[in-house]
Every structure is written in C-alpha cells, then in structure tokens.
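Naming follows writing order (A, B and C), and every chain is counted from residue 1.
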C-alpha cells in the first residue's frame, strides 16, 4: 500500500528541460524527503505525481501497477493527495468547505453542512490546530491557510501524501504541530513525501532523502546514515564554500535611516541605518514581515508611524505629515530602485521586447514625450554590457530570454530609473539557475563597490550570508537581530529568525 | 500578491460598504423621493414595486450565479425574448397545452444555456464575448421565428396564466410569492448544495478548484443552464403579466440584471455572490424608475437621473472609503 | 514580410473577401460601392482608433454611441448661433467645442474608472445613460444643417465629397490613424499604455503613472468619438442623436477582429482600421443581398464568435505542432466554406443588373423592417413594382439608423437604379439623399414619415395627425353614446413613443386637439418608448397617481396600448379606462374584437407602398402625376387615409 515508483520522468516547459529522466522510488509507510535547490525540479515531480501536470515521457507505478494520472481526480482516486507550495485555497469559501472540496459530504447533492463542519473540526483538532471551521479562508493568516491546505489533503484519506514546502510560513510552534501531523501519518501507515530544502526538518523527520539537481536525479541516502553536509554537497554538486562579500567601498555616510517604523499587522518599531556602498540583508521566516517592511520603503505599504530619511532629508514622517513615499512612482523619483520577487507576474512585460522592458518605465531620456530610439538604444547597450545580458536583438520578446537574463533586465530597469542612490532587491535569484546566480552576486558586489546602497530581502540564508555586509533579522514583525559580517553564523541567524534569541552586533545597533 | 496576516479594519469597512451599501442608498433615495411624492412609500405601492420587478428579479438571480462563478451572461435578453416568443408561439400557433408549452420552452432555453456553457468551457471563449455573441444570435432567431411581431394570447389561452400574472393570495400578488420562492430556492442552491459550493469555488479561484478535483467544465455548464432557465422563468412571468409576447421583451433586461447584481454587492470577479443584495438592487432600479414616473419627469431628466443615481450607488463603497481615507491604508 | 502578414492577417482577409465579392456580386463591380464602404468604414475606424487604446488597457467604452449623439446635437445647435453671418467661424468654433466636449466626456469616464475604481464596463454603461439623457435635454428635435444656410450646406457637401471616387473621410481617417499609431508606438504615453495593458502590477512597480495614463486613454477615446461625431453629422447633414446602441459593439468588434485582445496588452491601430472596412464591406454586401434585420443579428453574433475564437485559437496553436496543423486544416476548411457560401449567395440573390432584363430597376429603402408597420408597406412596394413592370432590388433595411440610411441608399444608387422609393428613418437627412439622387438623375418618392424640408419628387403619407384626431373623435362619440356610464372622469392621458420616433410625433397631438373641445384635459404625457414593459409600468403609475381618475389613454402605438391594457386589467380598472392604440396590427385588432381594447387607428401602409411604387413608375417614365395638395416646400403630397378600427366593427 502506498508504494510509488517513478521511472524516467521527463518534462519540458517551452525550451527548458525541467526534468530529465528522473527515477525515484518511495517505500510504503516511510517519510521520504526530496531535496534540491531552487529549480531542481522537486515541485515539478510532485505535480506530475499529483495529477496537476503530465510528464512528457516516463512511467509511474503504484503498488506495482502501471498507472496513468491525467488529472487531479484520478490522482485522488489512486489515493494521492498533494499540498502545493502555492496555497490552493478558495478565499471566499469557509475553512470547512475548503477542506472538503472534492469530497463534500452530500446526500442527493445537498451538502450536510453540520456533518462537514463536525468532521472538519475533528480533523483540525487531531492535527493540533485551532481554527474555527466557519471562518472564511481568505481571512486567515498564511500559517492557518497552510494548515487548511494540509487538512484538505488529509481529508481524502489516501495512502500517499505529498507536502511541498509545508513549513515556509510557519513559526516554531507551528512547525512542531506539523511534525506531529507527519509522524501521525506515518503511524497510520501512509507514505509521506516531504519536499523541502530545510535541512533541520529533513533530518528530524525523514527516513530517507532523495536529492535532485538541475532536473536530474542524483542520489538517495538513508537519513540516519548521512549528514547535512553530505546532503548539501549532493544538492549543490560542489563543496560548500563560505563566501563573504568584500567590504571595500562601504562608507560611513548614512544614506537612508529608518526609525520607529510600524505598520499594524505587519511589523513594529523597526529602526536601522543604511550606509553608502553597503549591502544590507533582511532575513526571517516567511510571513515574518520583512517583505512588507522593505516594500514600505518603496511606497507599497503605508506605515502607521515612523520616520524615514534619505540623504538627510525626511521623506516620510507619518506623524508630521511628510509623505514622499506614497507610491512606487514617487519612490522612484526620490532615487529608490526596486526589483520585484514576482518577475513573471509583476516584473516583466511579457509581450514586449527587451528595450521596452528595460527602459519602459522611466522615459527619462525622452523630450516632449517622444521616444528617442538612438539614445535609448545607447543606454540599453551600456547596461547590456555592464550587466552582461545575453540576447540576440533588442526587439526580441523578453519572454524568450532565460530567467537569469530576464532578471538582469529587471536589474537594468531599476538602475535606469534612478540615480545611484538606493536599490531594493526582493528575492533576487528566485527561479534562476546556479550559473546565473553567481553572476548576479558578482553584479551586486560591483554595484556596492561603486557606492550603491542595496537592501536585499531573501529567503535563502546562504545567499544573504555570502552577499551582505550586514544582516537584519525579523521575527513576527519585530527586529530580533542586526548582525555585522563578522558575526555571521547560520545557526545564530536561524535562532533570531525563530524568535529564540535576539542579537545585535556591538557597534551597529540603530 | 501580498498575503496579509489579517484584514485591515478599513478594508473590512470598505467591503461592508460595498456589499451593504445598497441598503443605505435605497433608504436615502427613498427619503428624497418621498419628499416630492409621499405616495411612493405606501405599502401597496411597494408591493406593486416587487410585482413589477418580478421578471428582472428572477433573471438577476440567475445572473448572480453566473457572476459568482467568475463569468457573465449577457445573453439573457435574447433568451427572455426567445422564451416569451416560444411560449406564446407554442400556445397559439402550435396549439399545445400550457404544460407542454412550458416544458418545451424550458427545454429549448435550457439547451441554449448549455450552448453558452460549451462555448465558454470548450472553445474557451471569454464569457463576456461568448454570451454577447449568442445574445445577438438569439435575438435573430426570435425575429425569424416570430416574423418580428408579438403574439397575443386569447382569453382561454391566457386564463391559466392569468392567475400567475394577476392573481393574489391573501392580498399578496402571486408574482411576489414566486419571486420569494425563487430566491429561497436559489439561496438554498447557493449555500446548501455541493453545486453551490463548487460554483463559489470556481469563481473564487478556478485553478485551485481544479486542483481540488472539481470538474470545472461541468460546473460552469450547469451555471449557464441555470441562468438560462431563470431567463425562461422570467419570460413566463412576463407573458403571464402582459398576456402576450414581444420581440422587444428583453430590451434592457441585461442592463437591469447586471446593475441589480452589481448594486447588490456581488463581486464581479467571482466567489462572492449576494443574492439578497441582488434582489434589493433590482428593486432599487425599479424604484427609481417608478418614482420618476410618478413625478412625471421628462424623458431627458429620466435618463440623466438614472445614470447619476447608478453611478452614485455603484461608487458608494469607494466614496465612503475615500472619505475615511485620510491618506492611509494598505494598497 | 511574412511576419508582417502574420500579425496583420486582416489585410489578406479583406483583399480575399473583396476579390470573392467582385467575382460573385455584380454590385461590387461598380466603383461607387467601394466609395460607400470606405466612407462608412472610415467613420467607424476613427472611433475605433480611440477605442483601441481603451481596449489595449483592458478596458472598454460602451458610451460612445451616446457621446456621438451628444456631440452631434451640440454641434448642430451651436453652429447656427455663433456668427450667423460667417458660417466658417461657426463651423470651426462648433467643431472645437465638440472635440472639447468629447474629451470631457472621456475624462468623466476615465475618472470613474481610475478614481472610483468602477469596472469600465459598468462605468461606461452608466455614463451611456447619462450622456444620452443630456443629448435629449439639449435638443429633442433633429436639426438639419442645410436649413441653416448656404455656408453650412457647403460644409456638408465638402465633407462628403469625393476625389476620384475616394471619399474625403478616407484620407482624413488615414491621417488620424497615422497620428494614433505614432502616439501608440513612438511616445512615452503609448508605451505606458501598452505596458499598462500588459501587466498592471508591473507597470506600477516600474513607475508608470497609472491613474494618469488610464484616464488619458479614456479622454483619447472621447476625443476620437468627437471626431467621429463631426464626421457622422457631416455625412447626414443633420444631428444624429438617434444613434443606435449597436454602434459600440460594431466598433469593439472592429478592434477585436483586428487582433487587439480584450484582455489587453497588445494592439494595432492599422488592424482596427482595416477591420472597420472589413465590417463595412460585410454590411454593404448584406444590403445588396437584401438580408434583413433578422438574419443580420445572427450574422453579427457569428462574426463576434469567429473573431474571438480566432484569438483563443492562437493560444491553442502555440501549444504544439500537431495542434497547429489541425488549426490550419480547420481554418482552411471554414474559410473555404465561407467563401463558397458568399459566392452561392451572390448567384442566388443577385444584385444589380442581370443581362437580358430590360425592365427599369427600382431601389427601395425602408425605416425598419423590425417594426410591423413597415412590413405591409414593403409588400405593397414589391407588388406595386411587379404590377408596374418594374424590377425591384432587394429591400434595404435602415434598421432605424440614419447612417445606415445614407450609406445604404448610396449603395443602391451605385447599383444603377432608375428610381428610388424611400421611407426615411431620418427625414432631416433627405437633403443629402436628394443631392445624390440629383447627381444620378433619378426621381425619389418618399413614403410616409417626412421629407425633412427637402425637395422630393413625391411624398405619400398617412395622416398621423388626422389619425389621432379620428381616435379622439371616436372617443368623444363613445362617451356620448352612454356605453360607459361609469366613466365620469374628464382626464385623459397620452403615452408617447420614443423621442426619436419621428413618424409618431403628431399622433398624440391630433388626439389632444380632438378631445379638448369636448372638455377633456390631458394630464399625463410620458414616453413609453414603444415598449410594452415600459407602457405597462407607466400606465400603472398613471393609475396610482391619479387614483384611477382617467377616462381614456391614447397610446401612440399598439405595442404600448397592449402593455397599458395589461396594466389596466391587472390593477382592476378593466372597463373603467378606455385604451386606444395606433397602427392596426393583428394583436390589437384581436383585442378590440374581444372588447378589451377600445379602438385603434389602422394605417394602410400596404396602400402607401403600393401607391408609392405606382407613382414611382410613372415618374420614371416621365408621366405627369397629379397630387391632392402641396406642402410648404412645394412637394407634391399624396394623402393616404387612415381608418378607425372600432369595437363595433365585425
């Protein structure tokens, strides 16, 4: 029961090979972790197994039988349920409805609401979670929504449960709850496939670990017989290096200072200073408020109180009614550049060409509103060279560029719209392959050397540790750590991020 | 998309204003008109209002479902005109009995609703466009079938329907009861059946619904069949009132229905339908027209006032939140 | 080159379509037909240029028909008031005013969308009502430019002039199209518009001023609508507030058919322009085949479905090579079927002269075949022509659209007719028609409605005013006869047709004049817009307002009379209020027989048609005709009597 074999699965998206001949096997009743870096193909494999995607080639066996999984319904019939990374909830439905959608308790089409709510409450209770079943899913916190998604997978009662990055939004206590749920599933004899790149969880929970890298299968190890370092090196394919950003070019001049910034429901009493040529990183668990905090500096969120100054000038003073950060446009005018984490949805203009994407927002060069082809082409060429962006012609559709090159275009756009002051990067290397990642790190370093002040928000701790000069850690909306490069330590950061301690490097508080 | 930890208090108020604003507006407008013409709020006049709005109310109920599923059904005027013409045609030209005529009419209308659904689910046309196109087609079919005139029912043919159209039960017009029953049924469908849950799921997040195993295509098809059947019922009410059909029966029907739905606070993007709001919205539009009639307002004034009041009602939510918004809320 | 064709597929489509029509439809071998198409297409194209911007951003503007109406009305009203002695000044000022007005209306739309966050569909639906109301308030009677003076007439003639067969509108449209394209492709604003349509969130993050850009898009739409309004007014030679509500969908269809996606993000003004001409070609072709209103609706629906399927198809095709092959096969087959259908239609229906037939050819253009009044008239014309030994081209249906009237009639004239019979929906545009007819040296007979002050060759009308009088007199008789002792009220009411229903205007007046001497007062006179629903509601409200103190209600047409009747019966006033109608259609007659409806005025529209054909035949042979009277413009008037259908009739 619940034994799964995946043979030679391959999948292409457009021109990119997401999976190449991946073979995995999952034993019945085990907790099996699947790990890999971003873009390794973990989610793709799971989606194929869950019926959301179809493989281009390869076969799937369940309990020794060859099966076809053309859609989600069939997957459910086979007893496979998946909790995706992107929460697939219906915000306008109640919790109970979300949990049981797909297996509603009905009699001749009429939903037995009381029964549904009762079973829902029971299920949530057995998971150790306290959420009212009648509230609307859209009104819940992200962590609660995650729990509801998991409940939905469990409600089906199948033998194979796939969890894709389930702890992304959870705090320590909630992670413990999840551990309980997973272990309980194993006790019931179900097979749990756990996709994550958090070493601690994997080593705490799993029986075996499979590693994927760049869409290929690498190896499977017994958890008890392996170590974090071994797994990480299998994931990365090279020895892990501890790289630290060079500090040259970092000045003492304060470029931006933030004091007492608060926004109800998101963050509270945040204060820090950004120096010239400095790369300041923001770390924390998903949902901790670091995103909203930094976005407030670009006019995307409105703080309730606090003061922000740029180059000595107050640009935002909620109490004193100075507000030059009311929207992205005004932020850009002040000289703050921004690269979004959602490249596909709110970053690129998918149907437009490279030139329009890079220079489209600003129109700084243009007189009387008319586009100046020559000047724009020249500026584009400059950026193309300095950022090493690869494309055939500037009229090429941006969607045909690789993820890495698209990101470089976004970076070029942020640079083009403002004059050398502050640059904000949200998840700068999300969805980019390893080679391009290091290119981007190199670019960051160059920019900082030239005197650009950079704020980086990332969920990849190693990335932050290797590119930043200082690191700010946020937990549940409050700043719990502000570390100088000398104090950089993964465990220290994690403990600040999970609220276990607070740490401020001597000289750098405030 | 930013995921929030809790809904901002202001945002909550704005949503409340959007969904329940119509009640406030209705009261305000009623008071204003009352000053000029006190008879407007007389109970018999209000009953008359519901009576008069009955077919729009029924059609709007169906439209609420369509909008709740994330789509649109602009073909309701065509369906209503066709339904009315078919019903009278079957009764008069083909000489069928009332029962058979009703059955055939609903069958035809339902199949056309299925056509709408298929265009949207199979050909993947946007609902707005697909139903716009089918509306034109249905109008054309109506005109060809009727030779472009209405058909009047003779007294015997009308006798059976007259109770529906002009009868009273304990002083309440039968049509009003029909509206209440229909809304009761739709509310039950919406809240208590798995169909209703699935419709809301699809409207709320179609991709997620699909992942959860909902047969999206099947559900949507049934949504459009429901809307079509409601239009058919509206046609029955129309014929029962007028004693005749007319190729122009559907004039402005779609505008009235959509306005009712939007005023009622249903979210145009789907997932949040407010059936009671729709009913109030439909009554509101009718109410404004009725007041203008009683005030003998000239035609030009009528069109302008209708447009202005509509804009006011629609932007109530935005206006109040703007007034509350002295600079800040999350964007 | 290949890539250009791929993204501008509408061009080969149009050329192919013209080619097929050239072969199969004799009417299309005449160059004048193409002038008509270019003229009509240009007007819609200009409007489409503005609309393209709106649709690129993912919005749309449904209020354009009302904007055109308001612009037209304001133009004609103002033009005569400013410097009456120097027409040129008045024309320029009025034109500028219309453009400013259009922009303001667009601004209003834009603000509703950007500030009040109303969805464009809803916002423009509401403003559609608002602007139409304003138009009616400014002027509820159409104004003819020719009446205002020589200078204004010259403007009309100039605007509709042609140079080597190409109407002036065409190069004007081309210039505007180029301006629009430059705006879209070569300016910051244009780029922002494309970006906005592509991804709203990305535009915001990139620093595009969203509210400003989006509002300007609607202002632009309004500006171009103003231009269209000027063109349409010039085309008709009069104000055009009766613009039918189908106009916005024609324009939207043109934009989408040209390949701009309704979801926004991409667009081509060039394609919109070509698509407008394509649609104009279809409409003209349908005219030559005599395909009436009924089927036209189905056609329009089918066109929309095809247009949008094509768009969705592109996405489907992009997915895989085998899909592409299937799509090509299906596309090829459907195109083939369509073309064969067009060719067969051409052969079966024919249009224009057929060799071997020496009979004179008449053209016949009618107000609106959807209105049952005109159906017997149409019959009468056809049978009259048959009897007079005249070949009649397929009936042209104006569908109540003034523009359609002018374009359709010019298409008829282009087909080489020997005489024209017309029942005009827009009498004030007869001036423009007459100049066309004079150029072609053909006599024109106007059937019913009105001549709009133009000099025509013969005018037949039934006595609308007299019909109203008949009804009033019959009512007075009925009251005196004591048949209804329970009716003691001295109040009567009237329910009017819509203000744009030019034919019905004097009916109510006639009734009023007849009952007044009998001591009756007209207490209510509202518009039922020829709709049964509305008349029903209005009647109910009349009864409430006057607490049933009404003796009779005169409805300007039978549809409304039946609606009012239903209201009377539902409110329990059956037999206590007398309802009179006008038209004499079958339903009304049946209701009279049953004793429910008090009476109706029957027009003999068949007779009008028949007589018209006969008179036309005589004129064409240059035989003399004797008229019973002449009207104020010196036209020969033939009165066709109406009759009262009474309850006492068998």
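Everything that follows uses one rule, which is that contacts are C-beta pairs under 8 Å (C-beta built on N, C-alpha and C of every residue); 3 or more make two chains touch, one makes a residue touch a chain.
Just so you know, these numbers come straight off a predicted model, no measurement behind them.
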item: Most central chain, Cα average position; value: B
item: More contacts between chains, B-C or A-C; value: B-C
item: Cα-centroid distance, chain A relative to chain B, in whole angstrom; value: 43
item: Cα-centroid distance, chain A relative to chain C, in whole angstrom; value: 57
item: Centroid distance [mean C-alpha coordinates] between chain C and chain B, Å; value: 28
item: Multi-chain contact sites of chain A, meaning residues that touch two or more partners; value: 327, 342, 345
item: Chain B partner contacts - residues on chain C that touch it in the complex; value: 112, 115-119, 121-123, 125-134, 136-137, 140, 249, 256, 262-263, 293-302, 304-305, 308-309, 312, 315-316, 369-372, 375, 498-499, 524, 526-527, 530-533, 536-538, 540-542, 544-545, 559, 562-563, 566, 569-570, 585-587, 590-591, 594
item: Interface residues, chain A side, partner chain B - complex; value: 52, 72-73, 76, 84, 88-93, 97, 101-104, 106, 109-111, 113, 139, 141-142, 152, 263-266, 287, 291-292, 295, 300-302, 304, 323, 327, 342, 345
item: Contacting residues of chain C [partner chain A, same complex]; value: 186-189, 191-192, 194-195, 198-199, 201-209, 265-266
item: Touching residues on chain B, where the partner in the complex is chain A; value: 1-8, 192-198, 200-201, 203-205, 207-215, 267, 271-272, 327-331
item: Contact footprint of chain C on chain B as seen in their complex; value: 39, 45, 48, 52, 119, 123-126, 128-130, 132-137, 139-141, 143-144, 147-152, 154-155, 165-166, 238, 241-244, 246-249, 251, 255, 258-259, 262, 268, 289-290, 293-294, 296, 299-308, 310-311, 314-315, 318-319
